[in-house]
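Quick one: this structure, given as structure tokens, is what I'll be asking you about.
All chains are identified by letter, namely A, B, C, D and E, in their written order; residue positions are counted from 1 within each chain.
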Amino acid sequence: MLAPNTSVSIRDLTLQFGAVQVLQTLNLDIRDGEFLVLLGSSGCGKSTLLNCIAGLLEPTDGQIFIKGRNVTWLEPSERGIGMVFQSYALYPQMTVRGNLSFGLRNARVPKAEIESRVARAAKVLQIEPLLDRKPAALSGGQRQRVAIGRALVRDVDVFLFDEPLSNLDAKLRADLRVELKRLHHSLDNTMIYVTHDQVEAMTLADRIAIMRNGRIMQLGTPDEIYNRPQNRYVADFIGSPSMNFVEGHLERGTFHGADLQLALDGYRFGAPQVADRPAIIGIRPEHVATGPLVDSAPIRGEVTAELVEPMGSDTLVWAQLAGKPFRIRMDGQARVSPGDRLPIGIDPAKASLFDAKTEERL
Amino acid sequence: VDLEVTHWWTSGGEANAVSKLADAWNATGNKWIDGAIAGGGDTARPIMISRILGGDPMDAFQFNHGRQAEELIQAGLLLDLTDVAEANHWKDIVQPSSLLDACTYEGKIYCAPINIHSWQWMWLNNKVYEDLGLPVPTNWNEFVDTADEVAAAGKIPLAMGGQPWQQAGAFNVLATAIAGQDAYLAVNRDKDESVAGGPEFAKVFEAAAQARELSQGSNVQDWNQATNMVITGDAAAQIMGDWAQGEFALAGKTAGTDYTCLPGLGLNAILDAGGDAFYFPAQDDPETTAAQKELAALLLQPETQVAFNAAKGSLPIRGDVDMGTVNDCTKKGLELLASGNVMPAGTTLLSPDTNQQVNDLLTEFWASDMAPADAQARYAEIIASAD
Amino acid sequence: MAEPATLGTVAAVDAIKERTGGVGYLEGPRGGRPRRVLTAHNVVLYGTLLVIAAYFLLPLWVMLVTSFKTMDEIRQGNIFAPPTEFTIFPWIKAWAQACTGINCDGLSRGFWNSVYILVPSVVVSIAVASVSGYTLANWRFKGSEAIFTILILGAFIPYQVMIYPIAILLGKVGLFGSLWGLVVVHTIFGMPLNVLLFRNYFSSVPEELFKAARVDGAGFWGIFFRIMLPMSLPIFVVSMIIQITGIWNDFLFGVIYTSNERYPMTVQLNNIVNSVQGTKEYNVNMAATLLTGLVPLAVYFASGKLFVRGIAAGAVKG
Amino acid sequence: MAVTHPAEVAAPDAARVRRPSRLLRNIPAKIASIPMVLIALVIFVGCTAWTVFYSFTKSGMLPRLQFVGLDQYDRLWSTPKWWTSIENLAIYGVLSMILTMALGFFLATLLDRKVRGEDVFRTIFLYPFALSFIVTGLAWQWILNPEFGIQAVVRSLGWEGFSFDPLHSRELVIYGILIAGIWQGTGLVMCIMLAGLRGIDEDIWKAARVDGIPTWKTYTHVVIPMMRPVFVTTLVLVASGVIKLYDLVKAQTDGGPGGASEVPAKYVMDSMFGAQNLGQGFAASTMMLLSVVIILIPWAYLEFGGKKRG
Amino acid sequence: MLAPNTSVSIRDLTLQFGAVQVLQTLNLDIRDGEFLVLLGSSGCGKSTLLNCIAGLLEPTDGQIFIKGRNVTWLEPSERGIGMVFQSYALYPQMTVRGNLSFGLRNARVPKAEIESRVARAAKVLQIEPLLDRKPAALSGGQRQRVAIGRALVRDVDVFLFDEPLSNLDAKLRADLRVELKRLHHSLDNTMIYVTHDQVEAMTLADRIAIMRNGRIMQLGTPDEIYNRPQNRYVADFIGSPSMNFVEGHLERGTFHGADLQLALDGYRFGAPQVADRPAIIGIRPEHVATGPLVDSAPIRGEVTAELVEPMGSDTLVWAQLAGKPFRIRMDGQARVSPGDRLPIGIDPAKASLFDAKTEERL
């Protein structure tokens, strides 16, 4: 039995290419109407998983359910999914209208119905004036919209996106991201979205699944992923610049390590009791308090700025703590020069603590 | 001195004949470098001409007797053999003299005739007729009359190769035999299109149409394959020049007993004296030039003539040699030659261009069901525009 | 690491696992679709391939079996049947005894002539074509596109048209009849296709590589020899295959632009096949044909894979 | 919009250097392209011009400057053999282009379906390309020979009435040549097509599958239109071979039976070397060239002239 | 005469491809040791300019000086420049060592000297263990390091970079960015760096030149560019999410427009006197005060949140002001839901004012 509100369920999915195990008994349930982002570094198996869901790859083992139907052996077109590719994969010699309607014509949907669906999709995506152009005459963003439209007209339950925006430039990417989000709000379809861009993942997702080597490392809302990473990998992977890690050990609720003593009073442990052990504490650059806020931080210290990166809205300061780089993110107006001594403050409530061996969150 | 000689004599009899020339030349202490190109004149000619034009000519080459070399002579690319001819009295010994005329351009002699070939022959396999209990035909008409019985026995009455020159040649033989020498010359020498379109030639075309019928089923290309059909008895007869005799000889057949030859198809016994000649491209090296002249002289020596012509089945170009133990057919030829029943060959009368057109027409005629009258009309047109 | 994969699954799965005794599967298909070997699809696919392969192999088969038959067997027999009396005499005859005119040494003479012609012709024609392609791709000059267009159009000019003028030109520069004259001719007629291949290939090499080399101070030849050449094995293979087969199979130029003692193997082949002495010796002809085709065939069989790769790299883009 | 300049922009009189002569730049490149330029201009343009020029003369065995205007062309177009030649070329050309392309593409798609033994099949389809037309012509002449070949074999199997003798039929002979031509040329076309198919974005296939397009329809509606450049390349390649068709005919039928399989290139050869009428041969080759140019120039312009980098 | 401390000077550089004018009488002076970033959207002519400096493209007109030498017609290798390309452009058949030494071998530098220079560069870039590998066996980041090394060994005056990092993934990009900055500090060479990534530009540059259609729109330090954009194009181009613009008009030192009245007391005018005219005011999303800070802002207002994008460290709120989208960047911990009314505050000192017609800064 599947939970009633799941849209896509994946059970023990395994996939091997020859000797390479690309997906490893993977389980995942995606709720109806959810926007799920698969995030992970290159080669971790995101596209492979998406292709399995779409039916474009046959799994070695395991089952896939969409809307409660077992679709493991069904053809892609029978699964009620639509897919959008990184390279757009538009049919180059057909007009936009042709691209949108090709699948419908093939399914012998009546003419009038096709037209109304195309018109609706074109309206939603604001590509009405482009309907009679060929893809070659479109910009990247327009092409991607058409590719989305192709899934849209088919009235599918689940949208699958494989890095749909990564061929676009930064500005366009930001715009389309917002549009995608709007689209999701208005359509209420389930969307599964593959990316390796954190910003996309954080802004778009209802939940994010972080993948690594064909496994899911953490599944949770962006907030959970960002603020309560389940393990060191996720903590390190998410956030740019990435989290600062300080190695040390736990001793009766206090973390000792590299010039730093942190009483973990404010820290919410994942597990109820934590024995003394080697541990790693992680603190995000933007959670390091500087300037006037240092005074109100529970823990205080001082570091020397080594390199300053002004980024407009923020300033990134590279410092050193116990010989390891330590990053601090400050306000864009902050004026720091290399060599300056900086007082800093840390709030254990905003820090993460990991077991040094298993690298799991404590 | 090494001399490279290019020719297209590559069939069994021909190659045998060439080796006689080579032996004779090698016996003089020189060396014959054989440059045979198979595939006939059309394959060999571009090679010869372009090599001469490119300035790297061979030392001697075979051409059909006739107007083919005229332009090379005009362009000064060929060696003047007048002094050799005079020293060896070619004027006196070459017979018929028309052969030497064909080598002469503006009073100078440019080629060494080597043999006389005549197209005017029909070859019949005696055994085929004996098996059917028929007498061997003595002329074309008898042949046609008995053809049905031959065909009924599953033999092809008339063997015919698929190449245009064979079909055109056979036509010309029919023309001389049926329309007569005068009409033939009127057409070929005087380019009289009214004769070509006239009633005599209408009969020729009728006969050709008959021959076309009788040759149905001979799916061979080369002339000697057709000859071979006669030799093996698959076919009863072939109209082909005297070079066919070389193949009979090579197959060990005897004229008179195994096969019969009918000059002028038995109707109008006459020979057309065409033949082959050797030309010598002009060379810079005086030593080579001297050797070329030596070779030219050698080609007309009686011993060379006998050895070569016996092997090739052709007739010698000088009347004063004794061919020795010649067979029945050669004897017939020599007699005709001696009695002056000779006429110039078509290739020496018509330009290659016209020959090609005639060949094209006749091969089409032969392979299609073109009506004789249509063919004749086109034939007359070609003759009218001949130069 | 504690089973991270279960982190995301809904409680329902755990419930199923409990109920089914630890196995989390639901009813219905699972894993990959079962595969059968003998599907209608496969039968049609392989059937078609085999039938077409038969059409392509037929001539080779006929030539092979015929070349091992005696003439008697050929006369009575079925050309497709394998020889009953196996004989390699036709091969011996074709190689060493067949006559052309008065020379009876078969193809053997022509073989070495062909090799002697092949090597410099292939080397020079590819050298010229590759440098030209490289120039057209990376060092454009005014009018280079026009030159290229002319070269491509040149591919359509029947050879016959140029036999005379080239003969005259070669005669004028004194190359006629020499090996180098023939090399020049092969270079000329190999140009259009090979330049096209090389140009397309070099154009597909990232332009930045070329720029990097220029910044590094490499000149025209430096870039060609040290950057481009080492990268262009596939296209060289294609070009070589095309040139080797083309030059090896050439008859017309070999016979026109050389003289007697250098006639290539194809001339000998033509002579053997076209000199009919008595009956056509089909077995010898087939053996001779196969012997002549051996070199290009070997080249193809040996490097077919590289050929396809090279074609992909050089020919596909317009 | 004002361009902002830093304060220290120097006085404009800072030593200007003139552009050096264009001729002196990239000398090695210019030297290296000499052979190509010579071949293009002297051989391809020069020789063609020479040929066209002499087609207006009455050249016989040797080129001769005796002008006769358009006589050679008049004669050409009133010669039945020439008409047969172009008719044959048209039939052969159109059919061989269609069939080699279709068969080549078909084979490529079969091989593209991830078949087992792809290498073996590919080699089988490609090897005829290694053989010369002479060999091809001889082999097929032999196979199509009614006395030994297919006809004889089928008859000996019991179908007495079976008749398949294209080489000795005036109507069918060109198709007999076509069989051999296709046999020789399809492999290369297949190779190029295969390369083209492999070059198509995987995602297009996936998109079509998601859209529920059947495989054959994906080929006809999506893949084939996408392969336009590949088709053009092969078409040019096949066409250039068709125009030059000579050796095959020469070896297989020598124009027979009765001139029914004549082709223009052979007409040129026959005129130049058989009839020793260069003028006529030149006129015929000029006509061949003219037709090629008319078809090709616009195409070459579109493919190569228009865009900058291949 | 050139100013003594200029490294690269460009005078009236013009370049046309056929009819297209790609560079338009461009002037630029780059100081010795400066890190100059050329920033602009795709196709604005950045690479073209860089290629002109490198000598890989011939200008139609104009002159280029490097270290006071007129190099306009010199070969690339004679200009004392090194160049690093987006696609790395490593010679695939040579080892890393071969790649590094290729230029030196071309210049016939003695063997021993080559070796020592290669060793030094390899050390600086930490690619010593890779020296005998071929590029195919390197990761993207390693390849790019080798590409930089290739310029390094040649001991050039000026480094040219054409989007060197854009083929790398986000994490690697951030790391290499920092390394590049360190490299610049330690080498003190002039560096000219093309990118269309703002973050790279802001963090790396001493000065940024913003290009558009073959012209330079503004040349200045990152701070100037970010905080005092010279025109609306630059203002819009820089910053992500981009600046909010409100149209209106100036009337005696007060800006009137769309629900907003802004007395421009705190605003530093570019020009001494500004006549009344139609104008546009621009305000960056992160300069919109929210929460407790609103009270201290000179101007206050209220907007309705439409869409909320949590981005981990910040939260982006899309709202509307006078029917136009209005973006606000808030703290990552901020909890806002679509539909919420948000009080906002604006400080004219942080705003930019543009002439509505010329779009130049006032």
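One rule holds for everything that comes next: a contact is a pair of C-beta atoms (placed from the backbone, for glycine too) under 8 Å apart; a residue touches a chain by one contact, two chains touch by 3 or more.
Because the structure is predicted, anything quoted here is derived from the model rather than measured.
J.: I want to compare two interfaces, C-D and B-D. Which one has more contacting C-beta pairs?
T.: C-D
J.: Between subunit B and subunit E, what is the gap in Å from one C-alpha centre to the other?
T.: 91
J.: From the C-alpha centre of subunit B to that of subunit C, how far is it in Å?
T.: 44
J.: Taking each chain's centre as the mean of its CA atoms, how far is subunit A from subunit D in angstrom?
T.: 53
J.: Enumerate the residues of subunit C that touch no fewer than two other chains.
T.: Only 163-164, 270, 273 qualify.
J.: Mark out which residues of subunit E touch at least two other chains, giving numbers and ranges.
T.: Answer for subunit E, listing residues that touch two or more other chains: there are none.
J.: Could you tell me which residues belong to subunit D and also touch two or more other chains?
T.: 269, 272
J.: Give every touching pair of chains, nothing left out.
T.: Contact pairs between chains: A-C, A-D, A-E, B-C, B-D, C-D, C-E, D-E.
J.: Can you name the residues of subunit D that touch subunit E in the complex?
T.: Contact set of subunit D toward subunit E: 1-6, 8-17, 19-20.
J.: Give every residue of subunit C touching subunit E within the complex, in rising order.
T.: Touch list, subunit C to subunit E: 206, 208-209, 211-218, 222, 226-227, 230-231.
J.: Please name which positions on subunit D make contact with subunit C in the complex.
T.: Subunit D reaches subunit C through residues 26, 28-30, 32-33, 35-37, 39-48, 50-51, 63, 103, 107, 110, 113, 115, 119, 121-136, 138-140, 142-143, 148-149, 152-153, 156, 183, 187, 191-192, 194-196, 198-199, 229-230, 232-233, 236-237, 239-240, 243-244, 246-247, 264-265, 268-269, 272, 278, 281-282, 285, 288-289, 292-293, 296-297, 300-301, 303-305, 309-310.
J.: Where on subunit A is subunit C touching in the complex?
T.: 1-3, 6, 11-12, 24-29, 58-63, 65, 70, 72-73, 209, 215-220, 230-231, 358-360
J.: Give every residue of subunit A touching subunit E within the complex, in rising order.
T.: Within the complex, subunit A contacts subunit E at residues 41-42, 169-171, 174, 177-178, 181-182, 185, 196-199, 202-203, 222-223, 226, 237-242, 284, 286, 307, 309-313, 316, 318, 329, 332.
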